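Same chain, two partners: subunit A is paired with subunit B first, then with subunit C.
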Partner chain A sequence: MYYLLPFRFERLDNYEILVNEVGDYLICPIETSNKIVSKQINENDEIYKDLISNFFISKTPIPALIDNFATRYRTKKSFLDNFTSLHIFVMTVRCNQNCIYCQASSKETDHIIYDISYETLDFSIDLMFKSPSPFITMEFQGGEPTLVFDKIKYAIEKSEILNISKEKKITYVLCTNSVELNDNILNLCKIYNVLISTSLDGPEFLHNKNRGKKNSYQKVIEGIDNARNFLGHDRISALMTTSFFSLDYPKEIIDSYIENGFSNIFLRALNPYGLVYKANDMKNYYSRFINFYKIALDYIIEINNKGFYFEESFTSIILKKILTPFSVGFVDLQSPAGIINSVVVYNYDGFVYASDESRMLAEHNDYTFRLGSVKDEYLNLFYGEKVIKIAKTWSNEALTGCSDCAFQAYCGADPVRNYTTQNDFEGFRPTSSFCLKNKAIIKHLFSLIINRTDEVMPVFKSWLNQN
Partner chain B sequence: MISFKQINNSIAQCEIDSLIFNEDVITKALYWLTADYFIFQKKNNTIFEIQLELKEGSFSENKIDELKSQLNQNLIDFKTRNIINIETKSIREILLVKAFANNDDFEDFNLTLKE
Partner chain C sequence: MLNQKIKCLDYNVFDEVLIYYTSDRILTGFCFVDGDTNDIKIQIVFEVDNIQFESKYILVDPKDFINIEIGDILLFRTNGTLKNIFRINSLDNVLFITEQCNNNCLMCSQPPKNINDLDYYYNLNSKLIEILPYSVLKIGITGGEPTILNDRLIVLINQIATKFPEIEIQLLSNGRQFSDIHYVHKLSEIGKKNLFIGIPLHSDFYVDHDYISQSNNAFNQTLKGLYNLARYSFSIELRVIVNKINYKRLEKISDYIFKNLPFINHVAFMGMEYIGLVPKYNKIIWIDPIEYKEDLKKSVLNLSSWGINVSVFNIPLCLLDENLIIYSVKSISDWKVKYFLQCEDCILKVDCGGSFGTSLKHSPNIKPIFN
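Right after this comes the complex of A and B.
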C-alpha cells in the first residue's frame, strides 16, 4: 500500500519520463504512471524504492520527510526571495547599426529625443534602490547605450554614491554592439567593474548581413579585443541572435565563437518583437530553429568530446533545472515569470515597463505592460493593479496546457509573449511558439540523456560544474 | 472511446462515454488537438459525440490513424493525470504551505502520520 505524491509524466522514445513537484525525474518503461496510479507497484519491484526516495509515492498519507521536500521546493523557487534584482535602463533607442532583426525598434543616431533624460535617470535610480533585493544588476541597454556615455557615467556614479548608505551588491552590465568602445568607456568599465555584454552573430559574412553594415564584424572584433586587453578576457561576453539567415549556418557560428576566444555560446532564437515579427513567418522559423539547435548542440558535444571545453548556455540553464536541486535565475524561463519578480525596465520615455519585451511593444504604441511613470510611488508600480492583473497568468502551474505538463518545473510562463503572439495573457499552448520551442528542446535533452548517456553526460556535467 | 469513424475527407467523429472518461479528461485530451481541428461536441446522456474537422487540408490514411491513436492516448494519459491531481491535491497544498511559510511557523504542527 502506498499513497501518491504529485508528479507529471510524458512519453518519449518508448519510455515514460516521470517528473515530481521539485523537478526530479525518473526514466521508466511505458505505462509506469498507469501502474503507479492503479497501485500495481509492489514493495519488491525494483522501481519502488526509487519512487519512494524521489517523492513520487509515500508509505504514509504525508511523507515522513515532507519538511525536506518542502525545503527543496522552496529552494527551487528561491529566485523569488529577493524580488526584482535585474534593473534594465534603456538609455536611448538610437543606434549606429541597422540590424535586420532589430527588436528594439532603433532610431537614427541623430534623433536625440530618443535619449533618457537626467530627470528620468534620477527617478529610476531611486526606484531601483527601493527594491528589497540586496543584489542588484544595473544593466544599460539601447539602442546603443554608448551613444549616451555621459549618462551611463552619471548613472553609475550616482548609484555608487547612493549605495554608500544602501549597501547593496551592485553589478553593472553594459550591453553594447562594441562598435565604438573607446578609452573613456573602457576606463569607466574598469573603475566600476562593468561587465560588457556584446553581440556577435557568427562569421563575418553572416554577422555583417544581420547588421546591415559592411564592416560591423571587423569593428566588433576590434572592440572585443580592446575590451579584453583593457579589462580582462572574462569581462566581456557575447550573445548571438539566430536570424532566418543564420539558420543555415549552425557549425559556422560555433566555429566563429571558438575562433574569437569564447568558451560558450547562447543559441538565442528570435523573439517575436520589433521589425522581424512584421516581416516573417515565425511559425516556420521556430520549427527550423529547433532543427538548427539540435545540429549545433551535436556539434558542440562533439567538440567537447575532443577535449575542448565549449558550452551552450541555454542548454546549461535547462540542465541545471533538470539535474540539480538549485534555483536558476534566468528571467525568460521562470514560474512565476521573470517579469517584475526578477526584472524591470526603466525606459528612456520616462516610464517603467514589466520587461525588455514590454518596452519593445511600446515602440509599436502598445502600452499594455507599462506599469507607470518613473515618478510614481514604488508600491503603486510594483504592486499596483496592472501587476495584479499580470500576476494572474504568470505561473505555469496555473496555466491551461502547462499545469499537466511533465516539463513544467523546467519551463516558465511569459504573459508578455503570450499577449504579443496570441493577443492573450494566458496564451494558447497548442499553437504557442514558446511552448513549441522549449518543449522540443527539453525533450531533445532527455532523449540525449536516455539514448546517448555515455557520450553526453560527461559533457553536460562539466558544464554544470563550471557554473 | 466507444467509436471512431471518418465522416468525409476532412471530418472525423467519435463517441466517448463520460462514465469512463469524465468531461475534464475529455476537454484536456481535445485541447491539444485544437491547433489542427475545429471541435464540435454534444452530449447524449453519458455519451459525448465529438466531431473533429481539419482546419487545413484533408485526411490521408496516416493522418486519420494518427488522430485516432493520439486521441486514444490523450484520453488515457489525461485520465491518469486526473487521478494524480485529485489524489494529491491536499498533499500538494500542504507542501506549498510548508515551503512558503515564514521560517518555523509550522515547526510545531506535526503533520506526519505513523506508517
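Right after this comes the complex of A and C.
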C-alpha cells in the first residue's frame, strides 16, 4: 500500500508525462497515472521505486522526507525571497522610430508632457530603495529613453548617492534602440556599468520593415558596434520581436544574430497589447508563432551540434524549470506572477504600475493595474487594496485550467494579460493565447527530450550550465 | 631494520605508548626474524630521564614498517605489537575513532565490532593530535562510525582545527547522526572551514539503501543529515559504492543526486574491495565492474554534464568505459595497491589506480590496454 502525493500528468506521443509538485518529471507508459491512482503499482515494480524516490507516492501519509521536499519547493520558489527586484523607469514615451508592432504606444513628438518629471523620478527612486531586495535592477525604458539623457544621468547619480547608505547591489539597464548612442550616453554607461539592451529583429530588410524606417538596421548595427567597442562585447544584449512578417524568416533571423556576433537569441512573440491587432489575427498568429519557434529551435540545435555555441534563451528558461532543481527568475513566467513580486513600473505620468504591460493599458485609458501615485506610501502601493485583489489571481496553482495542468510548475500566471485579452483577471485557458503558446512549447521540448535525447540534451545542458 | 632513533612520549611501559620516531635521541633496537614462524620481531630500548627501558619482543606487521621514516609515529601496544599509526609523508593518515557502527553494510571492508572502544580511541587520538607535527596538511577521521563518539568527536575535531587552522579534515560518516540538527549546529561552530565530510549513498530508493546498510531508517536519516549539513554549508562528498543491488539504478541515482542534492561538492563512484563482509555476501553483493560499465558511464557523464564534480575510485581503467578514464582517480593507498603481471604491458598503467592488493578476489577481466 502507498499514499498519493500531489502530481499532475499529460499524455504526449506514446507516453504519459508525470510531474510532481516541484517540477520533477517521469516519462511513463500510457495508463500509469490510472494505475497509480487505483493502487495497482506493485512494490516490486521498478516504477514503484521511481515513484517513491521522486516524491510521487509515499509509504506513509506524510513522507518521511517531507522537510527535504519542502526545501526543494522553497528552492523552486526562491525567486520570491527578496520581493521586487526589477524597477522599470519609463523615462518618456517619445520615440525616434515607428515600429509596426509597438506595444508602448510611443509618440513621435517633441512634446515634453511625455517625459518623466524630476519630481516623479525623486519619488520613484525613494520607492525603489524601499524594496527589501538587496539586489536591484534599475531599468530605463521608453519610448526611447536616450531622448531624455539628462534625466537618466540624474536618476543614476541620485541612486548612487542614496545607495551609499542603502548598500544594495544595483544593476543598471538601458533599453534603447541604439539609433542615437552618442559618446555622452556611452560614457555614462561606462562609469556606472550600465548594460545596454537593444532591439534587433533580424536581417536588414526585416528589421527595417518592422521599424517603419529605411535606415534603422544600419544605425542599430553601428550603435551596437560602437557600444561594444566602448563598453565591451558582453555589455550589449539584443531582443527580437517576432512580427507577423518575421514569421516567415526563422533561419534568416538567427543567421543575422550570429553574423552580428550574438551568442543567444530570445524568440519573443508579440504581446497582444497596444490593441493594434484583432483577436482573430492574434489567434492565427500564435499557431504560426509555434511553428516558427519549432523551425527556429531545430535550426539552432543543428548549429550547436556543428560546434557553434548559440542559445535560445526562452528555451533555456523553460528547460531550467523542467530539468533542474533551481529557481528561475523570469517575470513573464512565474507563479506567483512577476508583477509586483518581482517587477514594478514607475511611469512618466507619475504613477506606479504593476508591470510594463499595465502602463501600456493606461495609454488606452485603462487604469486597472495602476497601483497609485509615486507620491503614495510604499505600503499602500505594494500591499494596498489593488494588489490584494490582483494577488487572488496571480498564482496558477489556484487558477482553473492551470491547477490541474501537468505543466503548471513550468508556467506562470499573468492577470494583466488575462484581463487584456479575456476581460477578467482569471482568464479562460481553452481560448488563452498565453496557454496555447506556452503549452505547445513545453510539449515540444518534452517531445525533443524524449525522442531526440542524444541530439538535443548535450546542447540543452550546455545552455543551462552557461547560466 | 630498526637501529635508530626513537623518542618515547610516555614512559610508563605498562601503558600503550606513542613513540615518535625522531632523530633527537639515540636508542637501540634489535630486529630479527622468528625462525619458526617467519614473523618479524623487534625489541627496542628507549631512554627517558636517564632511565633505560627495554621493551618486550614486539611483533611487527611488515606492512607498517615498509619505508618507515623519521617523523612517523608508532604505537607500542601492551600486547607487544608495534604499529605505525602516522606516516609523516603520507596524505592518507587517519584518526580511527571506533570499530562500532550503526550501519552494517553488506560490502563493508572493515566490519564493525560491538566493543566498547570509545574511551580508548578517544584518549589515544587526543594524545596523537597533541604530538602531530605542524607540517600535517590533511587528516582523515574514520571508523566504524565516528559520530558514535557523539560530542567528543566534536571535541577532537575542535582540537585539530585549533592546533592546525589550515588543515583539511576528511570525516567519513554514514551521515545518520547529522539528522540531528543540533549536532550539526554544534559541529558548525568549530571546524566547518576545515571539514570535508564523505557520506555514502547506496540508492535513491530507501528500501534498497536500508537493505544494503542493513538498517531501518538509514536512508531517511542520511538524507535528512545531508540537508542539515547543506543548511550549514558544509563541504560534502557523496560516495556511491557500486554493487550488485544498486548498479541497475545508477543512472537514476545520478538524477536523484542532481535533483535532490545539487549542493554536494563531489560525487565518487567506488568499486568494491573483495574483503571484509564481501566474501560472506558474495552472491548478493559482489559484481565485476565490467558488468556495470554502461550504467556507470551514463551516471558519471550525467552528473558531469550538470557541472557536478564527479570521480571514479578503485576501478582499474581496463574495466571502465573509455569515456570515464579522465574521471578515474588513483584512490588506492600506495601500500595497498596492486598491479598484475599482465598490467606491465598496458600503456595506461601509469595513469591507472590499480587494484586492491588486499582484495581476496579480482575481476577476471583485468587486461592490458594496447591503444
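One rule holds in what follows: the second predicted complex is superposed on the first by the 462 of 467 C-alpha atoms of A that agree within 3 Å, B and C clash if a C-alpha of one lies under 4 Å from a C-alpha of the other, contacts with A are read in each partner's own complex, and residues count from 1 in each chain.
Following the convention adopted for this analysis, contacts are C-beta pairs under 8 Å (C-beta built on N, C-alpha and C of every residue); 3 or more make two chains touch, one makes a residue touch a chain.
Just so it is clear, the structure is predicted and the values come from calculations on it, not from any experiment.
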item: Superposition on subunit A - do subunit B and subunit C clash or fit; value: fit
item: Contact breadth on subunit A, by residue count: subunit C or subunit B; value: B
item: Touching partner for A:N68 - first (subunit B), second (subunit C), both, neither; value: second
item: Which of subunit B and subunit C A:P325 touches, first, second, both or neither; value: second
item: Which superposed partner A:N34 touches (first subunit B, second subunit C, both, neither); value: first
item: Touching partner for A:I449 - first (subunit B), second (subunit C), both, neither; value: neither
item: Superposed model, angle subtended at subunit A by subunit C and subunit B (C-alpha, nearest 10 degrees); value: 90
item: Which superposed partner A:K49 touches (first subunit B, second subunit C, both, neither); value: second
item: Which of subunit B and subunit C A:N465 touches, first, second, both or neither; value: second
item: Touched partner set for A:T400, first subunit B, second subunit C, both or neither; value: first
item: Closest Cα approach, subunit C to subunit B, once both complexes are overlaid on chain A (Å); value: 9
item: Intersection of the subunit A residues that touch subunit B with those that touch subunit C; value: 64, 67, 71
item: Interface residues, subunit C side, partner subunit A - complex; value: 204-208, 217, 220, 223-224, 227, 249, 252, 256, 258-260, 262, 305-307
item: Parts of subunit B lying in touch with subunit A, wherever the complex brings them together; value: 28, 31-35, 73, 76-78, 80-81, 83-85, 87-88, 91-92, 94-96, 98-100, 111-115
item: In the complex, subunit A residues that touch subunit B; value: 3-9, 11, 21, 33-34, 37, 58-64, 66-67, 69-71, 73-74, 77, 400-401, 404, 428-431
item: Subunit C partner contacts - residues on subunit A that touch it in the complex; value: 24, 49-50, 52-54, 64-65, 67-68, 71-72, 324-326, 457-458, 461, 464-465
